[in-house]
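Letters A, B and C mark the chains in the order given here, with residues in each chain numbered from 1 onward.
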Amino acid sequence: MSPTANIIVSILFDGLAYAMFLFIVSVGLSVTMGLMGFVNLAHGAFAMAGGYIVLTAMRSWDVPFFLALVLTFLLVGAASVVFERTLYARLYKATELEQVLLTIGLAFMAIATFTYLYGPRPQSIALPGYLTGQIDGGFRTFPTYRVFVIAVGAALIAVLWYGFERTNIGAKIRAAVDNRRMAQSIGIDVDRLFTLTFAVGSGLAALGGGLAIQLFGLTPSFAVLYLVFFLLVVAVGGLGSLKGTLVAAILLGVCDTAGKYMFADAGGFFIYALAVLILLIKPAGLYGRD
Amino acid sequence: MAVTDALATRSAAPDGSTASARASAVAFLADRHRLQIWEALPWGLALAAFWLFPDRLTFGSQVLVMVLFALSLDLILGFAGIVTLGQAAYFGVGAYTVGLLAAHLNWGEPISGLFAAAAVAGAVGCATGFVLLRYRGLTLLVLTLATAIMLQELGNLFPRLTGGYDGLPGLAFTPLFGVFDYDLYGRVNYLYVLGVLFVLFCLVRRIVYSPFGQTLAGIRENVARMHAIGSPVRLRLVVVYTIAAAISGVAGALFTQTNAYVTLGVFDFDNSAGVMVMLILGGTGRLYGAFVGAVIYMVLQDYLSKESQQYWHFGIGLLLVLTVLFARRGLLGLFEDAGALFRRNPKP
Amino acid sequence: MTAALEIQDLNKSFGALAVARDINLALPKGARHALIGPNGAGKTTLVNLITGVLQPSAGRVLLDGQDITALPQAARTRRGIARTFQINQLFRGLTVLENLYLAVAERMRVCGRLWVPAGAEREVIDQALAQLEALRLADDALKLVRELPYGRQRLVEIAIALALHPRVLLLDEPAAGVPSSESHLILDVIGALDPDIAILIIEHDMDVVFRFAHRITVLVAGAVLTEASPPEILADPRVRAVYLGEEAGGRHG
């Protein structure tokens, strides 16, 4: 393989892995924001918490990696319901500013708590042997773990797509995102739907956080560091759109990877430039409604 | 029906009552901007701090810088009602204007530095405001956030100019007015920052009580109605955004001058979020909310960070959550509510 | 003589949905013109097209013979078109006086001033108060709008529109939502309006329409069914057919 082609393949591959992570975490945020209009800046904290649960499960309870991922999905999903019912529900009618500040406050508290519990230094986990190393793709090798992340992403996309497009609940969610009042008036319990969506979304965020440990390393500030990217994906993709989140995740993920490959430190600029460009032309996002 | 009866009695009443109603209505608007006695309090306290805490004046200067920064954000957030996440962009532009002038052009004159910072930050504010103020909601949040980060990344692209992550240390500034040199304890600097804050505060106060300021309240309350009374909303917003950006720039400039040091960290999201938190703690849309909020935030940060960063993060997070849940209009809002309670129940 | 307001072949579609079709309307100076039609006929949409909230897909809007179709809402208002909304659009957190102050100040082009106190603009305050007194709202001047009963809020809505000294006034169901005990206040005000202003009023209450209007346009499914004088409309069998099953003369909304 020629060096240029090699770099391009690397960019696409790494970009895709990054995009899968962004998608898995952001999809919950997009749907809940599209459904309830609630700006949840604590979403990154769910991802961070998810990572630490996987860490603890593997280190302290000897849970295997896959099971730990499932566990974190369930635990954080369930815990998020408590937050939603006790705190978030009180602010659905509040101003955007108040929602932003409440959830930032929660994120800060989460960061502090996890720093206290785990310390500020980056953590890593011991992956099962078959997920380490490289896979031979014929023309070149690929890091096995990233292939795994892409595979998990693809599987989740399929499951979510099926759930969204083919099930009753998915139809109700799509209806409520489209027009909440109309949906309520035909008897859809939007509040319960939101709690369910919120739980699944937060669980997915936790899953994403668990996957990210061996991609980026895990520290408590993960909650805020990557929040910007989740917001970018959600805004660029369009609120409440599965397809939008995926397309935006891929566009931004590949763009960021390309930027970093070609410009090292300063490469971070391009993901923002691209996002701004898209938003200026399509303020509601690629697949958002005005 | 009560309304008809009331109308009937009102029109039957002698002219005196209507005349006095008219007079009090006029007085309400005509006298609103007059200085009130208690407005001297924050300035008195600031001067008192100068004498009471002579060894903490550098910290005091930093608090005053944040008060100015919060004040500038209040124009947009509290008065016009526009929520953004990137005010640090203009703070940073102002900070780096002064930094670059000092480091590369050896220009250390402080006052002209402030004007330069205001001009550059105002220009950037005008340009970005013109483009971005078409949008609201999540779109505007993300666009403003991205603007601040992009400026930071731009700084990273030219490390020889900006010092990259390490910033520009050891900046030298010439004595104030050519006479007052910066002493070790930051006495001159504190009074300098206080003086600038006072001047700019007077400016903001004038704007808020002007007809223009009244339109900001209108935009905040009902922008659809503003269009329907012929108000050029976008123009007004760009104007206030430019002014706010310029003042944020001055705050940034003072920051650099106070610390004799500037890094790209001035563009951090932490900075934008922090100043917003200050405003919500003190109370938005009330000139003095910036004072109360910034003091609480900075003092708390100073006190708790000494224990550990975690205590600070947790503490401010908790305070924020509690404020949003129970004191939505901030501390000044609580005072107002308490005051209203007293007035409704007059003391025996 | 040029009409105060003229609408020529106005069309508006959202995708495949046509909400305004080939609408023609002319309001002479001093017009008292009512716009009626079943729910969903597009009456408010037409007002939105006239005021600039919506841009037409085709057609023109002319004010005193000048084409204002390309102008945004605020510009059209400054040229002399004022409207009230079907649901009050007021500055609820401000006092009644401040609500009027803003309207008067915008009209007098004083709002761009940053440097003088709002209270120093005595002329603005006086005119705002005069407008309130004309509608018997002066005693509520210092009350917050959200503290007023709905009927009086509706009066404030009309006061704001009048404070703009419009040449063309569009009233969208001015008595809607007002308890019947208070509605006469609104109707008295409308009846006493300056005879030089061209007024278009959307109404469902036929008593109000026939008391007030010199001409009536009937809008159905976005198109003009007919335009005639009140007796002709009353006698028109097509109009009756459109309203068949609806209570003529009853209150809606």
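Here is the rule we go by: a residue touches a chain if its C-beta (ideal position, glycine included) is under 8 Å from a C-beta of that chain, and two chains touch if they have at least 3 such contacts.
Please read all numbers here as calculations on a predicted model, not as lab measurements.
Student: Central chain, going by Cα centroids?
Tutor: Central by C-alpha mean position: chain B.
Student: Farthest chain from chain A, going by mean C-alpha coordinates, please.
Tutor: C
Student: Take the average of all CA coordinates in chain B, do the same for chain C, and state the distance between these two points in whole angstrom.
Tutor: Comparing mean C-alpha positions, chain C is 40 Å from chain B.
Student: With centres defined as the mean C-alpha position, give me the chain A-chain C separation in Å.
Tutor: Result: the chain centres lie 49 Å from each other.
Student: Can you give the whole-Å distance between the Cα centres of chain A and chain B?
Tutor: About 34 Å, centre to centre.
Student: Note which residues of chain B are touching chain C in the complex, please.
Tutor: Going through chain B, the ones touching chain C are 1, 3-4, 7, 10-11, 18, 21-22, 24-26, 28-33, 206-207, 209-215, 217-218, 221-222, 224-233, 236, 239.
Student: List the residues on chain A that touch chain B in their complex, please.
Tutor: That would be residues 33, 39, 87, 90-91, 94-98, 100-102, 104-113, 115-116, 120, 224, 228, 231-232, 234-235, 239, 263, 265-266, 268-269, 272-273, 275-276, 279-280, 283-284 of chain A.
Student: For the complex, give me every residue of chain C touching chain B.
Tutor: 51, 53, 72-75, 77-78, 82-83, 85, 89-95, 97-98, 101-103, 105-107, 110-122, 124-126, 129, 133, 136, 138-139, 141-142, 149, 151-152, 160, 164, 181-182, 185
Student: Can you list the residues on chain B that touch chain A in the complex?
Tutor: 77, 83, 85, 131, 134-135, 137-139, 141-143, 145-147, 149-150, 153-154, 156-157, 164, 269, 273, 276-277, 280, 284, 309-314, 316-321, 323-325, 328
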